[in-house]
Amino acid sequence: MKIAVYPGSFDPVTNGHLEIIRRAAALFDQLVVLVAVNATKHYLFTAEERADLLRSCTVAIPNVTIKTHDGLVALYASDINATAIVKGLRAMSDFDAEFQQSLINRQLNETAETVFLPASSSSMFLSSGMVKQVCALGGNIQAFVPPEILWQIETKIRAQAQKQS
Amino acid sequence: MKIAVYPGSFDPVTNGHLEIIRRAAALFDQLVVLVAVNATKHYLFTAEERADLLRSCTVAIPNVTIKTHDGLVALYASDINATAIVKGLRAMSDFDAEFQQSLINRQLNETAETVFLPASSSSMFLSSGMVKQVCALGGNIQAFVPPEILWQIETKIRAQAQKQS
Amino acid sequence: MKIAVYPGSFDPVTNGHLEIIRRAAALFDQLVVLVAVNATKHYLFTAEERADLLRSCTVAIPNVTIKTHDGLVALYASDINATAIVKGLRAMSDFDAEFQQSLINRQLNETAETVFLPASSSSMFLSSGMVKQVCALGGNIQAFVPPEILWQIETKIRAQAQKQS
Amino acid sequence: MKIAVYPGSFDPVTNGHLEIIRRAAALFDQLVVLVAVNATKHYLFTAEERADLLRSCTVAIPNVTIKTHDGLVALYASDINATAIVKGLRAMSDFDAEFQQSLINRQLNETAETVFLPASSSSMFLSSGMVKQVCALGGNIQAFVPPEILWQIETKIRAQAQKQS
Amino acid sequence: MKIAVYPGSFDPVTNGHLEIIRRAAALFDQLVVLVAVNATKHYLFTAEERADLLRSCTVAIPNVTIKTHDGLVALYASDINATAIVKGLRAMSDFDAEFQQSLINRQLNETAETVFLPASSSSMFLSSGMVKQVCALGGNIQAFVPPEILWQIETKIRAQAQKQS
Amino acid sequence: MKIAVYPGSFDPVTNGHLEIIRRAAALFDQLVVLVAVNATKHYLFTAEERADLLRSCTVAIPNVTIKTHDGLVALYASDINATAIVKGLRAMSDFDAEFQQSLINRQLNETAETVFLPASSSSMFLSSGMVKQVCALGGNIQAFVPPEILWQIETKIRAQAQKQS
């Protein structure tokens, strides 16, 4: 059985992430979506909120599991005998950072292969940061996030935006 | 009448921005330079200071107006019936972020076209951040900013640099 | 009156080119689409065929004219008092060549501004070369070229492919 | 059973290709290495020679098969019910062309996912073209190609180089 | 006598930096490694600690000196009559920032030439930031930093990571 | 004594090449400009013509010598005990090819370091190919090539353009 890990911040999950999850779930027998918890980074949503949003929009994909993790992805992949670490590759700006990460991961865990799935043209330029910025400025983000969690995402981002202004 | 919007932080305006303003003013009937006000970002100059510096160096270009705005550029462009959103395109590193922004803007306002003007070779690598860094370290920024506002920019940056050291 | 020139090989015109034509026609009063004729380059379609294909699919846009030209674009733009030279900007690989060309054009004609229009996400990766390659190998190109000229394009490319094999 | 296709020119196969083959063979149940035959392209080795070189250096990997093909990869993948089309991703220059190809392939065959495997740091800058150039100029290519086929590759390239000079 | 300056944050020095130091020391008669002190930037190691780590791993290279400096590199280079400012060039993401810096430096000091040394393939994706991240998450950084200072670097990063969690 | 080699096609030499020659001549004790002769490439100017154009415009720089060579640059550098192979680095598009070449060169000759000199902003987008194209189409190339050889370059390119049309 081939297991893959798809790590990320998912702060919050977008349609771009969901598309990668669907496609990776079709390539591997089991897919673990791994919500990164990094003490030095500031997130808008807590790790549990980010995991719950992911669960809400992947409930219909049977071979997907959502987990949170606060260590190295490469070591987690090794612990669960994963064959692959999946990353979405969008515009050029992802390229260097993802390449660097993949080489480091190989050094830390030789048995899990990094696999890049190219974003579709419609989500080529979609990011969690952009979703937060557009929503905080009063824009409509309905084309960018899964419908079942739109309301939760909007509520949180707007509350936060109000606090800061 | 074709109206264009040229949005940016302008913290502070550089010769590179001024060059884009001059060229965009020649392409369109009216050009609104829009000073972004973003509660989550930290600026050195206040929105009003940034607008005033822009006014001082564009006073001779009749079809240019300076405004400040704290919402989405795409919606502002829609409100004033602008045909175009103008962005300067410098080195490669601008490319992805500007493309992302242009696609988001199209989703938010289908009638305002994003138009990129390539930087001239002399301002290809010029940025507000670089101006602030060079000046704070005691360097000469006279080749990088309009002469009529050089003194104001230097005074502010050096005062700030002294506070931090 | 603002006149713009949109130069290219158009060998053959794709939906990506057509999209740029529509958007540029909305930005300027007159748009001249300029079919490049370059003795040192090998084209599949003759200059007249390329111009005719363009005419067939732009007939409904009143302020667009199609011309062929075998000299420097910058000098042509100067001759017709054009304010702008329009270029579509797709993926990263266009960037350097287009920047180079824009700087050269400025040196040859200071009054015509190069203006880049970013490709939409659906035509970000579309090119004449790709259309020819897919069609020659028996693939369906209907999503990539205007419907009114699909048949002409397919007929020519397949005839050529048969000759070479 | 998950089948993957790894298409390419392999003119000739390098250590970089072989590394991708090994890693893709570990990710999927069956891997078909597909030697492209394109009437409009000029190859140094014939399709059969390129396939034979690949067979010689993959004989020890049980789930790898070598095939030649002169049509669209996306349609071939569809014919054999492949889940994935594997591409190696080396330096930045591969990025745009590979992205373009992956989007076209998705349009032609929605069921085969393009999967990018990042080159290891030692083959990041290795290409068939570079191997041919170094060898033709009398350089040592032993670090760049599999040892069991080094002699055959050198013989062919040097014979060709002699003919041209 | 040709003097070169190699400026950087070195927070902390990695094998990638050390490789550039060795190669630059072979190209020039004297090499000054300049540890940047920037009041507006946050470092993990103090300027003196960063300089000491550098001294520990360059003690065997006779023509290398380590200095700290809190002003503009271009002016420092001018003060010591340096012929060259050396920068390592790794992946694409360094390119724009380094080019910008080199053009600014030329404006500030016409006599010191910026010289880029390309990273070797093994340190192409190595950075101080990555070393700190991997170590903070409990990973092994022994392949990334000089052995004589591994212990000091690990001790500091782990102490810091513990404070933040 | 430090010797450097600056290899290239120089078909023909441009102001961009000349600028790199001047700067490299200031960095090293001896600079050999190496005109590449490659049987598989088509040049407009013969190797001797390219060398003579270079000699005409470098006659005033005492430590520069012009040579032609039809083998591997790395081996030539080794034969003359060169410390460095100098390459100009212009826009992003040079980057990958030059990096690839530098890694190959290191494999072939460990003692000659590749050294990149960034183009100045005025020659960032200048190339021999662009000079030939502009001149062939009747444009003015006087800003792009050294004045002492302008006439020879124009004569050759225009004669060639006439033959092809």
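A few points about this structure:
Just so it is clear, A, B, C, D, E and F label the chains in written order, and each chain counts residues from 1 on its own.
As a working rule, a residue touches a chain if its C-beta (ideal position, glycine included) is under 8 Å from a C-beta of that chain, and two chains touch if they have at least 3 such contacts.
Everything numeric in this text was worked out from a predicted model, so none of it was measured.
Common neighbours of chain C and chain F, by the contact definition above: B, D. Matched by residue number, over half of the contacts between the chains of C-F recur in the interface of B-E, chosen from B-E, B-C or A-D. Looking at which of B-F and A-B shares more C-beta pairs in contact, the answer is the pair A-B. Using mean Cα coordinates as chain centres, the one most removed from chain C is E. Measuring from the averaged C-alpha position of chain B to that of chain D gives a distance of 47 Å.
Centroids of chain D and chain F (each the mean of its C-alpha atoms) stand 33 Å apart. Per-chain CA centroids place chain D at a distance of 38 Å from chain E. Residue numbers of chain E whose C-beta contacts span two or more other chains: 92, 95, 99, 103, 121, 124-125. Interface note: chains touch in the pairs A-B, A-C, A-D, A-E, B-C, B-E, B-F, C-D, C-F, D-E, D-F, E-F.
Partner chain D is touched in their complex by these residues of chain E: 92, 121-122, 124-125. Contact residues of chain D toward chain F in the complex are 91-93, 124-125, 127, 130, 134, 136-140, 143, 161, 164-165.
Chain F meets chain D in the complex at residues 39-40, 70-72, 74-75, 95-97, 99-100, 103-104, 107-108. Residues 2, 23, 26-27, 83-84, 89, 92, 95, 98-99, 102-103, 106, 113-118, 120-121 of chain F are the ones touching chain E in the complex.
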